[in-house]
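First, the structure itself, so that you have it in front of you.
Order of writing sets the chain letters: A, B, C, D, E, F and G. Residues in each chain are counted from 1.
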Amino acid sequence: MGTASGIIKALNSGIKHLAVKRFTLRYPEQKLKFVGDGYQYDPTTGVGIAGYKGRHILFHDKCTGCQLCAIACEGVAEAIAMVKVNENWKHNKKAIMPQIDYGKCVFCGLCVDACPFYALYMTNDYELSSFTKEGLIYTPSQLQVKPHVQQDAEIQIDDRGASHG
Amino acid sequence: MSVIAPKFRLGYFIKALLDNIFWAVVLLTLAGIPAIMILLFYIDLPIIDGQILTPFLAFTWMTHPEMSVPLVKAFMQTDFFRIAAFPGFGFGALLAAGVIFVERKMLAKLQLRVGPFYCGKVEGILQLMSDGIKLLTKEIIIPAKADKPIFWVAPLLFVGTAAAFVSLIPVAPKTVVADIDVGLLAVFAIIGFFPIITVLSSWSANSKYPFIGGIRALHQMISFEIPLILSLLGVVILTGTLNLSEIVESQATYWWIAFLPVGAIVFFIAMLAELERIPFDLPEAESEIVAGWLTEFSGMMYGLVQLGSYLKLYAFAGLFVVLFLGGWQGPMVWPPFPEEIVTEGITMGPVTAQIPGLPLFSQEMLNGTLWFILKTAAVIFFILLPRGVFPRIRIDLLLHVGWYRLIGLSFVNIFIALGLLYAGVLGPEGIL
Amino acid sequence: MKKFDPKKCAYLFIFWEESQATLVGETAANFSQVMMMFGFAVIATAPALLISRMLSPRRRSNPVKFLPMECGQVPQGEGRTHFMMQYYAYVLMFVVFDVMAIFLYAWGSTILNLPRTATLPIIAFLAIMFAAMAFALYQAKRRNIW
Amino acid sequence: MVDATFLALSVLTIGSAIAALEMRSLIYGSIALMGALGGVAGFFLLLDSPFVAMFQIAVYVGSIAVLILFTVMLVRRELIFTKVEDPRRRYAGIGLMLVLMVGLGSLVIDSGLKSVTADEPPIDFRLIGEDFLTYYWPALVLMALILAGSVTGALVLARREDVTDEQRAD
Amino acid sequence: MTTQLPPGLQLEKVDERIMTLNVGPQHPGSGHMRLIVQVDGDYIVACDPDPGYVHRGEEKMCEYRNYITNIPHLERPVIHDSCNILYPYCLAVEEILGLEVPERAKYVRVIASELNRCVYTMYWLAIYGIFLGHSTMFMWPMGDRELLIDLLEKITGARVTHAYFVPGGVRNDLPANFEDVCLRQVNYFEKRIKEYADIFYDNPILISRTENTGILSRQDAIRLGTTGSVLRASGVDFDIRKKEPYDVYENLDFQTNVLQSGDSYARSKIPWLDMFESCRIIRDALRKMPKSGSVRVKLKPNPKGGDVEVYRRVESGRGALGMHVISKSKPEPYRVKISVGSFRNLICIPYLLRGEKLGNMPAVYWSLNYWPVEADR
Amino acid sequence: MSSADTTETKDTKKKRTRKPRTTKSKTKKSEEINPPAETTTTEITTPSEQEVAPALVEEIVPETEEKVETEDVVPQVDLPKFEKSLADKITQKFGSKAEVAYIKQNRIRINVKKEDIKDIALYIRDELNFDHAESVSGVDYPDAKKIEVVYHLGSYTDPELSKQILALATSAPREEDPNPGRDSTRLPSLREIFYSVEFHERECFEMLGVYFDGHPDNRRLLLPEDWADIPPLRKDFAIKGR
Amino acid sequence: MSNELIDFFIVSIALLGIGIYGLAVKRNAIRMLFAIEIIINAANLNLVAFARFLSHSGGQTLALFSIAIAAAEVAVGLALIIVAYRMYKNVDIAEFRSLKG
């Protein structure tokens, strides 16, 4: 009889769940909301600021071409290369800036930790797919653009179960 | 975003399609039309109202609205229509397709996900069609050392046997493909073919996993055949007939599930095992033996096996309804029209409303079909539900359940039936 | 055009049926529909295989593709080995008890026409079969001897 | 006079009976045997005894053929595909068969069997059940004994106890 | 080996009855490894695990990178449990470099690692469900895991590969208003995993299938050096969080779950029971955590250790996870040896599967809480 | 700019300088691909150079210098008692055969010769109640011409010992030209004593080429069957490009 | 019914002949079992044919008995073949020299 009651309990649980809210995030229509604007780092305290580790954003006005991010990446993914830009900056005499290959990047954010000049942060943008490998290489000018993201779905919990808003 | 395969050229695809169409047309003109002519030469064409009913005449009559309805109605009573469309293959396949869709959506709902969603705009209703097209364009790979004739024929035989099973199920009064005196025995005879097909196809693949899966399937099917057969004996004892239509008619007042719940439960469990549905899907246990006896099937062959298994599912559910749930019996939902409304239409003032569709069917048949489908859907729901709820059982436990529990319970069921009969509750002197 | 009589029209097809049915025994006519259903299913689904064969790509580029499934390894040994599950006893038992189960139908379908004493032989029959089944299940359960 | 169905069935039955014995592969032989048994079931249908026909299919094709197939699969692969036989014995066998068939055939054709024709309706299958339980009931019990004995004997024979002891020695 | 084959097996000639099955690597029930299984009918007479299909030489890679840049690749073996695999590394490096972790960072670490343990366990449970043919048990944990991944993503900014722990603390502080969200989602999560009992753990078919299969006795569990849930299912009360508490585990209120039977059912139940404890720990840690403060010690860019050798271990989702780090006064470690629970439990596979039925193979194999990628490193 | 490079990174920096040069060609390629993006860059990046630059230099200098403990690894003053007593037991029994390398909180390390390891391991198992091996790590010391194998032993049965890890180290001679299994790099296997070392020793054999005498199953475990190179965890096996 | 008793009888004789041929010629034990089955079926066919044409139910009853006993016979026969195969590793009856294992 224990067997029968167990089977009935299981069937009952299964039927009950037909009325529970669905938990699937319908991705292209809905996008998950993240905390903050992306992972940032404060070199004065040595502590980061919570945020999503997505595609980087590079502030050309702050980048000094010091290569610290490339060195940090050397041990991790070798995704960052320093390239020449044809811009004139007083603090960037060599005019080199990071170029990131997202085919290699592992989004660990150590390059952000390495940057002492508040020049390299990460953003909430994660839709980076491309048809070619070259399309995954982001030049400094592409990295400079602030991504436009529309993310609003959040997990909402109520009596009928959880769902993405 | 999906990407089409790099080697795909639309031009080649269209060219292949056109080629096929061309050859089909050529074959039809060269072989089909002469064949029809020869056939027409040999068939005795009936004489109606002084004219020979040639196909051309039949087509001419078809265009006339008054005559088309009786013609279609007459066509619907032919064997061909019964086999191909209504209570036969087409109906079964349609229900099977519905079952596949419902299974996916229901399982998704149970598992808190969405299921097929994008194909066909409305909740992925065309997913099955797209899957069919996908299977159709998949390459069929046959293992090099396989026994090719058996390997090719096995899926076809599987579908054919399942269809033969479908043909025995009465859907509505006098709406059955084959109305056989020993219908129930014929069901057992047909069920007996499935293990053979399974074992032969698994043997012919010449691969280890199909072989183990086939032998497991064999053990499972034959072990549950005996409880399946014995659990139905109670119904036969109480009705004294083996004809499925007569069994349905005997349930006009009470359904047999009210008197023989034990038999119904045993039959249901044995049915799950015969169908290889989830608690008993050992032959396809993917975590042990990759896909069991289906491992080497690819492309459309796999699709055919799936079609056969879902036809079988429909047939078993229908059998359960016929034997235990009163078949087509049910309160008259469709309001019984007077005969003249059906034939002549309703006249309300200046407007005369014709009901052209209704004369094709009788009201009993529509009502019976409706109830049958409703009950079958309910049974199918309970066949599908365990898939979301139970894990897979092990082969020795399965055999233990089959040989110890279910056979014992089915004998209990037989003695319940005997007791009911001899106590005078049921039977000739009883309440029925 | 003349008035059309649907009954006559229906008769025409029944007439066709009869012209076939006279050839064989009466009961066989019903069974012929089962066979026709079987044949129709085979004929209706065989084109799916043929069309698939025509539409789908066929590349014999790599002989490894046609090896039997062995989880990505090159197959070792025969596909159909001398493989004996420990449950062979159940197959042996099935043959006998299947006969028994269907035999019961000969009794079950006619029980309404019989006197009650006629149940006694079947009780004896069942008793003997139960004894055999008990022994057989005892043997079959001893997995180590199979 | 015979009809087309009968002809087709007899060709199927006799052909598959020959194929069952002569096919090289035992698996195909078993399939052909299934064909022969199914053909006999078809004859039963022609003889208006559907109960026996269905019983034949369910028992012969549904279980005996399964058992045979399963046993054939247990046998080594070479044995499935090899055919050992003596040509001389073969010719002798064919001769024996022909003599038997011609002898019996001529005997039968000469006898009065030819004049027997059916004019009564076929027997209802329920009569068979009545027969079992009234007139033939000792035979039913006897059959139960035979079935019980056979399953017991088969299981006792097929188990491996004696063999294992021998192998354990070495 | 003490388990006896059922008598009568393997007595005829080997080539007659024994069939060799390669279960894996392309098999739905093998993971990233191969089990060479020899079956006699329905029984397994021998099983030889063949891991190494995802071996990536983590230990060698560690010798070429400095203490900080080791972090992103060290978490690769178990990306579901990445906080826990970094935990012993960080502890060891902190001991080498002599760092003192801030109090708040310790609590944040505990929260993150417990969340991550639950994430891993849910993944494991999902696979266990599908291995037993229970498709709902695959979908539910995969879905409910999302709640925790969402929390972890709020903390660390990545959904699976967090790279969150560093020697000297954690990378960043918790986001604002995290406590409320965390409490809400963890409470709902606990409610959800309670429902698994109805459909999975109390399911009579599952119990009949996994009970009394693959029994590992207490003596054997100790002798074979198993760890984690395998050990605790065999009746040995050993949890490093209790026995050798690291960071702030000694301040937190939780208990270890021990079952005595040692069969697959007990082994599959222990991680599920542990998840309730994890929820308890998270709630307790959120309560006791200092509300503000530093979470990371600032490091020099290329820190150097002395001539030290350190062995630190933590309790991960799969059991004890030890790191043996040898420093030779260089920015790079001289040698990092990762001793993982999966690799230690691997020894049970041939031992437990011998004499089992083939149908029990996935149940026993996956109940060992074994993660092939981690074992390969 | 040079102020950005701290002293520690200089040595690595020198190696890395080739990086920007090598990737120049890549830049050109990407420029060709995205010419419009490049043009937009120059337009945007004009503001605020002066404000950022001066602040940068100070922040790079690390503020809190952490003490690096190199000398006092084994402080003689406050040896933990329990661990000391354990180590003393071993030294009393075996004398000079077992050399205690260090005693720390919860950790003991004992170096032994490979001839004595079986006796000592047996003693540790039977008398000291260490019942399983947590890990077996092999370390290659090419300068000392030895390969050290460290058994980390732990205990489940004895609640007092549950914190303790006893590292039992021994070393095998190292050959310049390794031929795993057939050269002098051999050690006695501890599988008879600690059953749990079975797979660890197999791993050690393939990764460092240490053959364990008496191990029943000295096969490769993780590496492919046809691996014919140097055992990969030896120091002379270098990863390409590093 | 246009078929007559004699037609069924002739088919039955043909089946009997084939069965006897197989029994005489074949040395493969499984094939001999096939031959036996064919002979039994020939007999069954006769039984049912006579039952139909003489309008008596006894023939069908006997045929049912016969089929059932054939099933029993096959079970025992195949068990014997399995035992013999296990001993001699062959299904050739010429190889079954002694009945003692």
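Going forward, a contact is a pair of C-beta atoms (placed from the backbone, for glycine too) under 8 Å apart; a residue touches a chain by one contact, two chains touch by 3 or more.
On a predicted model such as this, the values are computed, not experimentally measured, just so you know.
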Shortest contact path, chain E to chain F, counted in steps: 1
Between C-G and C-E, more C-beta pairs in contact link C-E
Distance from the CA centroid of chain A to that of chain E, rounded to the nearest Å? 26
Report the inter-chain centroid distance for chain B and chain F in whole angstrom, where each centroid is the mean of the CA atoms. 65
If you average the Cα atoms of chain C and of chain D to get two centres, how far apart are those centres in Å? 17
Nearest whole angstrom, what separates the Cα centre of chain A from the Cα centre of chain C? 59
Pull out every residue in chain F that's touching 2 or more other chains. 9, 12
Among the residues of chain E, which ones contact at least 2 other chains? 7-8, 12, 19, 27, 42, 64, 136, 143, 199, 203, 205, 208, 297-299, 301
Send over the residues of chain G in touch with two or more other chains. 1-3, 64, 67-68, 71-72, 74-75, 78-79, 82, 86
So in the complex, which bits of chain F are touching chain E? 6, 8-9, 12, 62-71, 73, 102, 106-107, 109, 131-135, 137, 139-140, 150, 152, 156-157, 162-163, 165, 167, 194-200, 203, 207, 220-224, 232-233, 237, 239, 242
Which residues, counting only chain B, touch chain C once they are in their complex? 16-17, 20, 44, 46, 48-49, 53, 61, 64, 66-67, 69-71, 73-75, 77-79, 82-84, 88-89, 135-146, 152, 155-157, 159-164, 166-168, 177-181, 184-186, 188, 190, 203, 205-212, 215-216, 218-219, 222-223, 225-226, 229-230, 233, 236-237, 240-242, 290, 295-296, 299-301, 303-304, 307, 395-396, 399, 403-404, 407, 411, 414, 418, 421-422, 427-428
Can you list the residues on chain E that touch chain C in the complex? 6-9, 16-17, 19-20, 22-27, 30, 34, 41-43
Would you pull the chain B residues touching chain A in the complex into a rising list? 1, 3, 106, 108-114, 117, 385-386, 388-390
Residues on chain E engaged by chain A in the complex (per definition of touch): 64-66, 68-73, 136, 143-144, 146-147, 150, 153-158, 161, 163, 169, 171-175, 184-185, 188, 195, 198-199, 202-205, 207-208, 294-299, 301
